[in-house]
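Mind looking over this structure? Questions follow.
Labels A, B, C and D are assigned to the chains in the order they are written; within every chain, residues are numbered from 1.
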């Protein structure tokens, strides 16, 4: 096949999106590389929007999954007990929860991040008997009705075609610059019985806002918000869907912030292999749903349990992987600092391995990404106006590939800047 | 392993459900059979709640999926173009849409039925500028906030912890017995500008209510409702998540009803293999979302595209499968008629291969299922009070296995009835 | 003054309404007669939409009110104790509540019917911890946001500019004709935990729907709904704003129906004189608001207390007035039966002294009223399409005036019918 | 009568409020004086919560009203044209609107402030097709469902028994101290399409928050908010119910702020006499309701038109009254400055003739008011914790009476402080 089939044009909904920016047909993927139908290879700095933290088709997960299938292991088991689920739970308990002193239980929800967020919001409301949930500017939590109410993005909100209620919006850390601590406002409003902010069921936050433009909250701000939640009888929900699974350098994004979220939502990379899977981690006192009170056919994707277990055992048994991540995070930061220097006013955003550069406008960011794609790099933007060039490389990307990708990105940016300068000149 | 691991008790949320009724650990599955950790085999009349219409681990799908994985086909591709998606789209167009004269487009949504329903509701609201959606008594459409508003079940609704708005509830076909045509009420209310029922964005219905107790609407009622939708400028959304993919004897549950739904939601068996996948079929004039306006990381599960394509090519190229289904539907109806005779007042419910018997009480239905499980049959209940014993066998179940399963069910019912008679006597 | 001032056109909002149909400037009013700026007199069969049940400027109330003002009695006292309020309360207790065995308390709300309905809905929700309120097709309860959700009329609902939630709509008595008892549907839905109708905080109804087209519910239907409310833990709220204060022949419209509403809303004629006043009668166990929890500057209109007391003492001390009403009700029914005979397909509507004729179309009803106005009768329409010519004469209208007004109405109808016949012929 | 009748206890709802703090029965009122059933006189610094800006029973209004009644002028006229309404409209146009260059129309709504606010919110939503309304911390706009959503007070919000939606809460001017201009936050959030604050239908504000604790916004803040409303296509609604009608020194509270609100809500003192009346002033381009689209039986209280006309002609024809107000405002400010000196940490609040002292705690404020009442002064508190002693004397209060009242207040405060000091010592 050499031409892109017109079947997409003819039969796939206009809602399709990434394919518009990366207009080819991909056929193979391995590690940090994507290959298209013409045999061309691309370095992948998108990584399934952080769903492929361990790269494409990790060989160990692949082997385990193929073995499972060949042995007629269950593909779909609703929420029946399976050996596969037991093994995943055990690995998650042993290597993730216990070492971090976490007593959370795992609730298998429908395999989308939005479903995890919806379940978390329902838990908080049912547990507290309150309805108000505090969410933040530029937060992104999914586009189903409940989750969308918590999402800040106006384009997505507009898709609802109706009002989105039950959420109070507060400014995220740094929203008004470094001088003003937005937690002051939150505290004042919560302390004031006449503020019009109803007592919250939960405070819902990302520690780094991936879609919102790679805004990284300061640990002390997160801690303060967590304390306010506790003081006011609200649950703290950390949405770790994009920032979790090692993306910030540790398994959870909030480690070392001194907080213990009541509820944590996970999805994206939790299966390790890019398979659909979502989780709600919930402290036992809030594990209040009755059997199937929140349900869904695909809660618990057995294939994903297989790969998720391998991912945990392979990467999180020791702290070797974490040490690697620290080194790679520095590499990325360094590379992006170089990019920022090319563009007047550009600023470095993010934390760990979810980093980017705010280049000031969505047009510019988009041109840089388009040029990078021509040069063999898949990379995307984020932010309220898509003004942040965002690096979400697989965490397992070899250093040489990381360097190569960053170089392509710099070349692309240089090209775009030069072209603009000429055009202006 | 002989004991059931206590990891489930320790770390899995109380929301777990099916595992409570079928308290063993399943390890293998093939066709219509499940095997547990003790090597015991069960006939599966649950079939992943209609997610395994083609049985467990269909050999052709299995082969295709393993080949795909071994060849480093993409596991996760966001909504990038892939050869796998192109092939699936082509098969769906060729064997499903074109033969039925359908111009619908496929919108890949997050891989849960609820996500498909949420997308459908958003489409209807955005397209019409209206917010009201008409749904029916005993309807089940998922448990995320938007979809849950349309779901009738009070237990699930209660899980929201907040009000569920934007939906007007109307009585489903037969809700008040055969004498009263509930479409009369719908028509009168829609025609009356002072009824208090706001002009609807959509009418949302299942042609057979799977979770609601296997209530099968009469084709003429569905047709009339479809006409009312059109007359009042509302979209007709058919939720074919449980009833679609051959479950009623044809690919879609509404074939031969003379209607053309504006939007159709699909999930469960659409991947063919039990893998998470959901679809919204939408007529071109309502394909109104902009790029990623409704989005989600797992929209489009590449593994599922592989198996879904095989499923379509294997089962829906010709009408052979459909003919088989007619025969099996009769077998099931016959077997269940026998069951109904055992229990005073019991009535046959459902249509095609989603059939059951309303035994009058949830307790009785539950005892029958429990006894059947002891005898080697996995079978569940549905209905507002779980009073319907529900057969959802894989459509591919061999006739002999169907007969065997039905016999176990009859034996189980007989045992329970006898025990009760003795106890009463 | 002979011309109508253009000040109305220039400075009064387009929302003005009655003045469009009765396009003159009224300057005086007494009993059942209105006089305009040209000195022309009209019989008033509108009576302030049932706010002037005792006619305009009743001489006893007038005297008491003027005395009060001349003596510097309070005009405005918030909800301070005043002698005037004490006297009103005492009269209401002695002549209204005690003889009917009612233990209700009086809550003085903002002086609009809508405010009374809002307070009633809040009471029900706070008392039960539930949010759903059941209201009926064609019900009218006001146009503020909470009350409007319960109002059926689509024109008024459209004015909200947003969704109206928290209300489930059920068909009123007779909505689908005499054969179908709509209470069957209500009962079935409330008994069915999976109907999608959440457990109600209240059932809210008018026993005669004044704005909705003079639909009079059968006592046995009201009783059955009351019993369903009790059975399901919901409060029964009777909105007696238009039908109360003698309009149906007794003080309350629900007397002799064997029910005891938990909450009763009153407004319109409760002041006796047309002054703004609204009341919520609430049984002691539901008198649950804390001080000022529902408040408002004009809760308790002192001038209205003065006239309301006189009204009660003058008309409700004995049953003489009630006996008169029975006679007048018959006169009206008789006169309207004559009207109905003139118009093919016309039907008599209403009960007591809120009677009308459904003439089949809003155009026809409107023409009849316009012609009647030319002949010296002020009369209006109601109903979903304004198709009901509605007689709401003051209850004190002398029989001769009633007869005269009815004759004008008949003449007007005859004229219109003849004109139409000619036009058609 | 010497004892307070127990009829209140027996038959008036627990929602009664002011009568608890001023536990006597009032029988007469004139100017700034109230008299109780024992003949005791009180200076009235409550003035019907700013509903009696011209004092009790103003002799000119009284005469006009009695004349009207004696002449059988209409008491109730729905929204029919009356000579009385024409005269009021003419006076309002001539002396209020025209001199201020205002082209607003008058919409007569149900006679409660809440009704005016509900109508204003509906206008904004209908006009813009948007649903979100921005309101501020500590704002008070009424307790019906729509208005209550905009009200900040948690006690009142709790009375709803359900969620209150459609309003985004922003911090009022000075909410976080003088250093932080809260309009910065509003601007940033409105400019940010991803802030989660949906494009607003309106910004709704009081220029001085009466119930919220006499917070007076700076003119430049109000102007900036007005500009933001215009920039973002939102209507500016000024709720002038408490602050209007001269209370801040001019007829409208926003005069000389350089703004032109699209919608203004009025109630309380607009009738001049304490009679129930409410108004929405709306610019012609937003006068979009159809006839009766927002309606209500008591829209337009004819008695109130009579007194309202006199009030305007008597007080607002020239600027004499305004000049007096400036002098009295100074007297009050001076007196209260003295009060503030008595109490450590106390601060002066408010503007014009709506002034008070924040004494730091609701207990202290309440004790001061209770002691003042013993000494013959009726005065109340406001603020989120009722911590502000609030002077709302009639604007017509003679200077000597003002001085006398302020002296009583100072004495009361001194007593309370001394008692507390002794208790502590």
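Here is the rule we go by: a residue touches a chain if its C-beta (ideal position, glycine included) is under 8 Å from a C-beta of that chain, and two chains touch if they have at least 3 such contacts.
Since the structure is predicted, the reported quantities are computational estimates derived from the model, not experimental observations.
Two chain pairs, A-B and B-D, are compared here, and A-B has more C-beta pairs in contact (counted per touch definition above).
Note that among the pairs A-C, A-D or C-D, A-D reproduces the B-C interface, with over half of its contact pairs the same by residue number.
Averaged C-alpha coordinates put the centre of chain B at 58 Å from the centre of chain D.
Once the centre of each chain is set as its mean CA position, chain A and chain B turn out to be 30 Å apart.
Residues of chain A found to touch two or more other chains are 131, 155, 162-163, 165-166. Partner chain D is touched in their complex by these residues of chain B: 162-163.
In the complex of the two chains, the chain C residues touching chain D come out as 1, 4-5, 7-8, 10-20, 22-30, 34, 37, 46, 48-49, 51-52, 56-57, 62, 65-66, 69-83, 85-86, 89-90, 92-93, 97, 105-108, 110-115, 118, 121-129, 131, 142-147, 149, 155-156, 158-163, 165-166, 201, 241, 267-268, 273-276, 280, 282, 287-298, 301, 303. Those residues of chain A that touch chain D in the shared complex are 131-132, 135-139, 150-155, 157, 163-169, 171, 175-176, 180, 184-185, 188-189, 192-199, 212-213, 383-385.
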